[in-house]
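First comes the structure, then the notes that go with it.
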């Protein structure tokens, strides 16, 4: 087990961790954290339209998407990426897969976790993954689960930004300045060759979240000049010594 | 204007700042902040039943309640307490009073503000005060309001704990460890001689919020041993460099 | 002051108390309560289209609407009806009018109160009246308001059924069987000669709420055979000795 | 089948029924109800940290926790306690187990049911149990489920108090005075030897809920002097003959 | 595959499509759409009390309910009705059944879909069906699901009216005038011989929704004289060229 | 009175109508509507930081902002712009000003209205304007308000996009394709010389709403290739003849 601080990202499909928290990943690696990404599927069926239009087979699609995810992970300097290969649309997580994910949580001992929004009528894989994140966090906290292993504390679960935030009832309560790692995030985004239509979308998102960062850090009277930012919604309350 | 960090508490009635954020006040004074408390009324009509039962006059009640509030402020080491004397039940805030409060916000330039929950069907003075806090924050941010004065940045507004939290739709997202200043908070509480029935109530609250602090900081696997805590709900998102 | 149990209805316009809680009024009168209705306006401008189309003057409209309200009150066996004549569309309640209403609350000392839904984008008179009901309840509870008068306890505030319930976010948590007073309610409804289009509407409502009464009292396995019912949303929690 | 009124409690883990509705249980037994408690698991993995730290085996933990639950049930004078032993963290309820629970609902024919809050991000066992309670209630109401058995009516489902109420979106709408059975509840609480940190927590809760009972039953103007209370959230509307 | 516009209704039990969207079905058939109804179960256990009281067997009940559903479908001029016969109370949808439903969605290629409200504490079959509708919509949109088949676009999912709308948190955002097909809907309703208690209920609903149609289309100043209407809640935003 | 269809925009500050619905304005003008914009203030105090930093006087600021608004209106081909000059930060709308706005609603007889989001903790001028829009709509619908005037029907009220949508609880339910008028909107945006920091922000918004337009109109399977779009939240249900 590492002495470093750690982060665990639980991503339903191969590319989710890139669009939604690529900046947070790169930044925390830079800050000395070790970030592990769990990709539950490759998004092979539901998020690879371009490849299917080209007539690729399932194995080819999965292989290409895996490669893209690994390249993106590299661009973000991810410490470890774990592909669970559970299938997508629908993502089916049986008890066995759930317990493998608990094992990973126990192994990583994350200081905080990142996953999907609580609700997503467009993409139920996302919302079931968010529920799953709560399940595995709870199991990893149980002293009677694999007694002898280090028990999980109470890491925050941050819900990263979904597509069409308002439709998901997602409300960010924290903005993270990712200006200094933006080039890495953009590079990771560009690894997703089949989803060109989202490159500029998430660049616009990053710019606009930076506007909101500036506004919430003081606006024209002291706000900080962030150029790119990401937003997150916390599930649990924080515990502090100073407000 | 001070070089110190500052806090502004907007309290509808004389005692609200004691029950609801007395710990935060004492703690931040200890941390070097200067905390200013604005009491919009003395709670003379609505929160002084004991005195009225004793047959006191309005002036007597106000004078006694002012004294209690000042004593409590002293116990908490409050930097400055400002009594607006606007009357209560109902609290009536006209445009003039609102502007006096804006002047105070401008003068204090708070790093963060504290006020009431957004909704309170038991006590509409509370919820109108919460709305007022947003109004004055906005006006103080306007470059065209008293041009030349220092314009307000974007201080967080924390909503402190109401009585019967669930009925108010209040949900804390941050717990503050007030163990080291608990004695001061209890002393301030005991200045409120007419509201004996609330002394133990808010002591119980502080103990139970500490339990929740322990749970959210790691529980049995690394949680911190807070004995007393306070909870707050943030209105605005935070801006950070690390999650 | 009466020894009987009492009820206070706060109705924005002349007819609201009929459609929305006429059954509750007649039933509680029958049960020995004394029910007082406060009509803040006659609904003269906004709910008297038929009379305006006929070319009536404002005074005529008010006089006719007052008569209708009084007739309806009689049909329901209302103990007392108080017309505040504050004007409608918009209903303007200044501090003076608010205090007159507090006086009435103090005089009636209601065991429970009835008023409008919390939200109503179609009819803001309604939602401001609901907020007003909370204000006056609070003031009437203050020991320092007109010291010497009997202080109000903690009567429940029931929000009666608005038109288009779902748009108002109104959710009933109690259904009242009004079968035995239905004829009175229908008679009161028929006093509202200018609003014929609502007679059958609220008859349908009463029938369907009875269906829901049957369902919630046991359905096909023990449900009670109510034929007409009304629904209400409670603002405050109940206090009981048995669940 | 009994002629007495009955209650069914559905408790995810062994101790939940004690902290969350021990008072309601003891009180209703005293009132002549027969209360049955269904414990879906012993909380062996997730809520027995102390025993695991002592090096106990799974069987030992379960046996000790079962004993504690039975002792607590005795202290509360529970009519019947049924341990389903389905495992916890995660609690897995397959169709077979669900049908066993339906059988119990049919056998008990509860006048009302008690279970967990609808949402619980800390403890998903709890929220799945709440969903399960709705499932089994529905199935037990079906005339075609085991035709010939007595069909369930429409018992209220009360959601008892979770830990950290605000985080669960739980809002009590009824407070029950448990003063006269408090000694029994405290005795039952003290049967839970491994969870000492919660004894005072739930004692504080009971005291503060009593304060809210007093407030909502009239406050300083007629409120009843409850010393201990419990709060509950109703899922379904009530059906009444008087408001 | 048809050139016509198409609709897919996903109905948990045999009769749901009649009460809740029978008017929409008949109207869109008249407008030239082809409407397919998927009945996941016959409502044999949970919604056939009358037949069970008469001593019918399961097979008899299913056969009678199927007949009623087919008759109702005929009355509404339904293009196609597909009975999945998955059982009810509880409705159990395994992966295989889900995929059969996806096949149907792919075959129908609906311009819009209709299903149940998101939440239903009385009838969890309903709410699981609503979640299922989102699942199958998502899967049918995946280019990698049965590559070569026509991929689904982005049909609106309308949630039709549940019983006790307010308890379900259901809020209609569109009213459809069904006056010209009302006779067909009433005829279909009367096919449901075992649920007589709902005939007038849903007739009242249709009349009152028409009142709301009139109100929202202009009221006394230009509103359209609809006599019967149905309400629906949209899950997804609309895309338009004119507001 | 015009025979054309009409629109009324109620904008708290001078520039709001540009950022938030400039596309809708230009597009509906092109479609033959006459669009009237009511600017309640010039945003002189709160949204003109740049001018104040340059040392302009209040009159100068107002004059410059008026000019900008008029230029923007020209770029959008606005039919009529009405400046109410009520002051901002805070915007104070007395009964007289409210009635002047009612007069305008009556004169315009809008087919639909556009205004601010229901909630805005950053800018309470916005949320009070939204409440005001409901008030004036209601008054304009009253047959007894200025009898003889044409009474308002039931125009939809669309809430246009606020800054930081998620913090406002704003959820768009309709996306409008503004591609063909984008150049006009951008030109209008560039009239706002003091708010350069928002030019790209709202360009990004328009691009991303277009992405959502494409997704909701069919995505990769039939979605329409909008390049710029705006989102709106409807307050009232629609009434239709076809879903």
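Read from first to last, the chains carry the letters A, B, C, D, E and F; within each, the first residue is number 1.
Everything below uses one rule, namely that contacts are C-beta pairs under 8 Å (C-beta built on N, C-alpha and C of every residue); 3 or more make two chains touch, one makes a residue touch a chain.
Since this is a predicted model, take the numbers as computed values, not measurements.
Novice: Using only Cα atoms to place each chain's centre, name the chain farthest from chain A.
Specialist: The chain farthest from chain A, judged by C-alpha centres, is C.
Novice: When the CA atoms of chain A are placed over those of chain E, what is the turn angle between 0 and 180 degrees, to the nearest 5?
Specialist: 120
Novice: Going by the average position of its CA atoms, which chain sits the greatest distance from chain F?
Specialist: Max centre-to-centre separation from chain F belongs to D.
Novice: Just going by residue numbers, which of A-E, C-E or E-F has an interface where over half the contact pairs are the same as at B-D?
Specialist: C-E
Novice: What is the distance in Å between the mean C-alpha positions of chain B and chain E?
Specialist: 52
Novice: What whole-number Å value describes the gap between the mean CA coordinates of chain A and chain F?
Specialist: The answer is 36 Å.
Novice: Pull out every residue in chain A that's touching 2 or more other chains.
Specialist: 49, 122, 141, 143, 151, 167, 172, 212, 215, 220, 236-237
Novice: What kind of graph do the touching chains make: line, ring, star, complete, other?
Specialist: Shape = other; not a path, cycle, star or full graph.
Novice: Pairwise, which chains touch?
Specialist: A-B, A-D, A-E, A-F, B-C, B-D, B-F, C-D, C-E, C-F, D-E, E-F
Novice: Going by the contact rule set out above, which residues of chain B touch chain A in the complex?
Specialist: 7, 24, 27-28, 31, 112, 141, 143, 150-154, 156, 158, 172-177, 212-213, 215-224, 226, 231-232, 234, 236-243
Novice: Under the stated contact criterion, what part of chain B meets chain C in this complex?
Specialist: Answer in residue numbers: 44-46, 48-49, 52-53, 58, 61, 88-90, 92, 121-125, 167.
Novice: Could you list, by residue number, the parts of chain C that touch chain E in their complex?
Specialist: 49, 122, 163-167, 169-172, 197-198, 200-201, 204-205, 207-208, 211-212, 214-215, 220
Novice: Which positions of chain C touch chain B when the two form their complex?
Specialist: It comes out as residues 95, 98, 131, 134-135, 138-139, 141-145, 147, 157, 235-237.
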